[in-house]
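What follows is chain A paired twice: with chain B in the first complex and chain C in the second.
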Partner chain A sequence: MDTSDEDTSLAKRILRDLRIIFDRETNLLEFDIVPVEDKTLNKSPVIFEDHRLGLESWSIKYLYTYCYHEFLKTRSHRARSDSATINELTRTLLLINPELKTAWNCRKQLVIDKYLTIQDELTFCQLLMRRRSKNMENFTHRQWLIQMMVKTQGHPDTNFINNELELCLEAARRYQSNYYAWTYRRWVVQTYAYNLNACLHEMATSKAWIERHISDYSGFGYRQYIIVTIGSLYLDTQDKLLAYEDYESILVNEMDLINDLLRIHCNRESLYLHRRFVVSQLLSIDGSKDKELYDREKDFIIQYLQIGRDKLLIERLIRWYQRFLNWNFT
Partner chain B sequence: MVMTKIFRSNNNEDEALINRKLHKELLLRIFSYLDVISLCRCAQVSKSWNVLALDGSNWQKVDLFNFQTDIEGPVVENISLRCGGFLKELSLRGCKAVTDSALRTFAQNCNNIEDLNLNDCKYLTDSTCASLSKHCSKLTSLNIGSCIEITDRSLEALGEGCPHLEKLDISYCEKVTPFGVVCIAQGCPKLRAFIAILCYKINDEAISRLAKHCPNLEVVNLKACCLITDEAIISLAENCHNMKYICLSNCTHLTDNSLVALGQRCHKLRTLEVARCSHFTDAGYQALARNCRYLENLDLEENTLITDNALAYLSMGCPKLQKLSLSHCELITDDGIRHLSSSACACDVLVSLDLDNCPLITDSSLDHLAACNKLQRIELYDCQLITRAGIRRLKSHLPDLKVHAYFAPTTPPPSQGVGRQRYCRCCSIV
Partner chain C sequence: MVKLYFVAVIYKHDRGSTILKSCADLTSFGYFQKKSVGEFMKFTSKMIVERSERASRSSIKEQEYLCHAYVRADNLASVIISDQDYPNRVAHTLLSKILEDFSVAIPSQRWASAAEDSVTFNALDIYLVKYQNPQEADAMTKLQRDLDETKIILHETISSLLQRGEKLDDLVAKSDDLSAQSKVFFKTARKTNQCCQYYP
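The block that comes next holds the complex of A and B.
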């Protein structure tokens, strides 16, 4: 009882320190937990410098325990705690642990109640994303917020969409194989930028990205989605033959890209997986090209076998061709 | 078994045992001791109990704060019908859904209401106060804090219809202007407590009139009424000699003249809260401490000009000081704390001391404070010269003390505190 009283007071004090900063500073760039276990000074664990917020790690235990218990209390008799308290508690909880879905949902309620504006909440999401980039809850919340925004304010402008796309890229950069970020990007494109121009632009962006992140298959997965989308967009807008022709040229370019990348990078499975995708797409347009493709792949494989490059991966590729396309390279 | 016999009617007899043994009057008497929840449960037992439990005489004091989300207009109307003239105290604090029409019915039915708490009933408007003024002349205490729609018209009506009003809380009613306060002053001469936090339009004139008409004022809270200047406080001090509690926090225009006036006239003052009145200096507190010997509670947060001398005066003049806040008083040093801890109040009375953000305080202050036997709580946030060792030393003297600092509170149990030397077992045997 003795210490828990002091714990509570300490937690409340830290909350107050945080509140002062959040009230004053609208443009927080970053938040993180600073590893300070050894306390020597009687100084607030809240560090604020140059729009960046830090929290010394020794205080997390007290702050989180307090907030979590208070938060659960507010959940059990919801109406008795005001929005300000819920906002503050969930904000702190999410800063420390962004996986807490209940807290996210509580914040959704606050947005519905118009206590929080959608714009502020988007900024808050972005702040959290900089700390934990691979976090599904955060992306889901963001998606929900944007849907809310569209419902009330209509379709977002290109500027906004570009911001969202840039944000995904940043998240993907910060955490490799960030499938959630790419899924979110896919959602944005599918919902708000579903046109040929945007998709071709995405192809360029994604090319730059995969060239730099060669082993990140999430990025390739997204690229494959874009390629397929472009194919179906061609079909929607053009005559069938013309559409296939355009789509094929895209795929052939893609194959060239893969070959270039394979020459530079050794032993990258993602490239081989992508190759399989391109081959199967090419076949899906025009089955009659089977022979031609087979020859080309055979040349490729023989060449790589001769120089003894990517041995294991080449063997896998052969097996895959055998099993799914019935191609034999004996 | 026994319970069954008492409550269930036996064979063909109509009445349960408890009803045959206890007269209606006795049951009623028993019910009068029950709280609202128990009464409602009793009302579900049988028809006769329903009548008795819901009898108005059991419902003299009703507090619905715990049910605030469920309470809507019709509930209040039903209660008022049920209780009628019996109801003397009603608290609808936080019952946001209550509306004017419900309270109109209430006022018509419950004429004898004395204590009414409507805090945070946000939809109430002036028409509620008009009904109260018309029907409830016995009202002595009214809380309409945070009823944001309330304007001067309410206060005007209350001044006309409720002359016995002793306690009025209009905190956060930001629409109230000096005119409303003057109406109250003229109509309610018995006023003892006036609480008007953040009624920022209130000015000197209004408070002066209040002071002149209501000499019995004991409690005044003008927190964040930022137009207030010395003039208002001087007139309060001159007219209301029984003043016990005064809160002037965030009234940033006040100067030492206020403290001097309070010191000269209000000798019974117990609590003074003057956080962020940053013009106050040592001289003001010297004057205050000369006469206000009963001061128990002092909040001097962010009185940035005061120095150790102020603490010396206060520790000489106020032997009953229990709680003292010196947060953000940045000029206070160890010397001031030494004065405080060597004074009469320190050993036996001082319970709580706030020293957060006093950057000059060091561990030697804590050593001085070890003499304060009754100290239960000390706040030391952001005093960066304070060390963990200093706190440990203090705790070894005062094991029950709660220390609030930015150190993780994992101090070892006070029984084996540092400072006492420890011997190994073999030595202690020798």
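The block that comes next holds the complex of A and C.
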């Protein structure tokens, strides 16, 4: 046998080992590539422990090359390959490289053909997300699956939505400033939970989150989206004056939260950017509060300058106020 | 994330150091990485103590982690490994508090002779859980006043702690504290310049 034949049979054996695990195990918790420099003779690179699947890193190049070529072959043939092969190849390719869009799209076809159930595919996405949490293709695929599900089964229930929201938090926890995860969360709220109760609940969840992830501005960005949404929901459901009043109290509470966090954490730009957002929102509902707000911000700045805290950020804040709100602190 | 990963009480010998008690919260790491990450935290904290002067405080940045160390004049040291969001001031106050409590709980004649990671000091596990939330620090205001932040030595990387001619890669290769698996792990992470993430 020459080398390439050997490589092929090695790849086939690994695929078989993986197939056995995927067929038997319905509750895979994790997949990861485990760095191992050299292969041990006659030992399979597939590790399976406690519902977790690992692949020794030396085997990746053989497995991936084989699967990729086989996959391209199935694409180029006019005659369709059988679904089982496509499922297996795309599954393996995506485990290693979840950025491969063509593979994701082939899986969509398998779902349309009802070879894969939507629920199983959602579980598979979640498994991949644990290893690569910032992966747009995965979130887009998920979005597509849910839209498919809604088409056939109707509006998802609260349990399902909560599950999706929790999944976003997990992805955001695993990868800092995970904008894709927060965008997905925004989509879930906008599409399936666009009401005051849900948004107020989101305020509480996101508060706990930013307290623990103080420099993650993607999380703050999401919070700002929720705040603005609550503002417009108030306007939709209440009398204008009352709506403004309620919105203002949300913003005032937000300012208190920022001040509390500033006391604990030094030099966090995210807090200052969030502060700018709150101040501009407050001004947008009631321009006549300009003087009052100005005085409050002036007191804050003077206090921080006196104790010499967050010097650079305070200077930037002063410049921003000067430029965009025409406030002078001299 | 505002997160404490690891705390340890370490004894600094003239050559080398011994971990008296350590505990770690590695829930945020993957299943296959946990063991190596744990070993590295121990390895790193011992290395920092060995290379720090007596009666000194330091904070060392390494990728997305921060290591804080406090070595007392009586050779007792404490180390915290946190992420970059965890407030420095709180970490250093906690370091002092840990050593104060440890000195009270464990008689000093046992420190030098204790075997690696063998001392029972459950307060440390409790601290690791409790101080995940830095707001707990409010209870320590008295200590905070004693802490002079300007005396903390700051290092931009672990490598800047090393003596001339020393290399981190060599130290890792020579270490007895690290398993073969962890050494490969380290090499891979170095190559991709990514901690605990592997890109094929």
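The definition used in the following text is that the second predicted complex is superposed on the first by the 325 of 330 C-alpha atoms of A that agree within 3 Å, B and C clash if a C-alpha of one lies under 4 Å from a C-alpha of the other, contacts with A are read in each partner's own complex, and residues count from 1 in each chain.
As a convention for this text, a contact is a pair of C-beta atoms (placed from the backbone, for glycine too) under 8 Å apart; a residue touches a chain by one contact, two chains touch by 3 or more.
Keep in mind it's a predicted model, so treat the numbers as computed, not measured.
*Asks:* If you stack the two complexes on chain A, which partner ends up touching A:S9: first (chain B), second (chain C), both, or neither?
*Replies:* In the superposition, A:S9 contacts chain B only.
*Asks:* For A:K108, select first, second, both or neither according to whether it touches chain B, chain C, the two together, or no partner.
*Replies:* neither
*Asks:* Applying the document's definition of touch, where does A:I214 land relative to chain B and chain C: first, second, both, or neither?
*Replies:* The answer is second: A:I214 touches chain C but not chain B.
*Asks:* Between chain B and chain C, pick out the one touching the greater number of residues of chain A.
*Replies:* The partner making contact with more of chain A's residues is C.
*Asks:* For A:S44, decide between first (touching chain B), second (touching chain C), both and neither.
*Replies:* A:S44: touches chain B, not chain C.
*Asks:* Between chain B (first) and chain C (second), which does A:S59 come into contact with in this model arrangement: first, second, both, or neither?
*Replies:* Once the two structures are laid over each other on A, A:S59 reaches chain B alone.
*Asks:* Between chain B and chain C, whom does A:I264 touch in the aligned arrangement: first, second, both, or neither?
*Replies:* After superposing on A, A:I264 lies in contact with chain C but is clear of chain B.
*Asks:* Mind working out whether A:D32 is in touch with chain B, chain C, both or neither, as first, second, both or neither?
*Replies:* second
*Asks:* Looking at chain A, which of its residues have contacts with both chain B and chain C?
*Replies:* 61
*Asks:* Looking at the complex, which residues from chain A come into contact with chain B?
*Replies:* On the chain A side, the touching residues are 2-3, 5-7, 9-10, 13, 39-45, 58-59, 61-62, 79-80.
*Asks:* Can you tell me which positions in chain B touch chain A when the two form their complex?
*Replies:* Counting only chain B, the residues touching chain A are 68-69, 94, 380-388, 400, 402-411.
*Asks:* Mind pulling up the chain A residues that touch chain C in the complex?
*Replies:* That would be residues 29-30, 32-37, 47, 49-50, 52, 54, 57, 60-61, 64, 96-97, 130-131, 173-174, 176, 211-216, 264-266 of chain A.
*Asks:* Residue numbers of chain C touching chain A in their complex, please.
*Replies:* Per the stated touch rule, the residues are 1-3, 28, 30-33, 64, 84-85, 87-90, 134-135, 137, 181, 184-185, 187-188, 198, 200.
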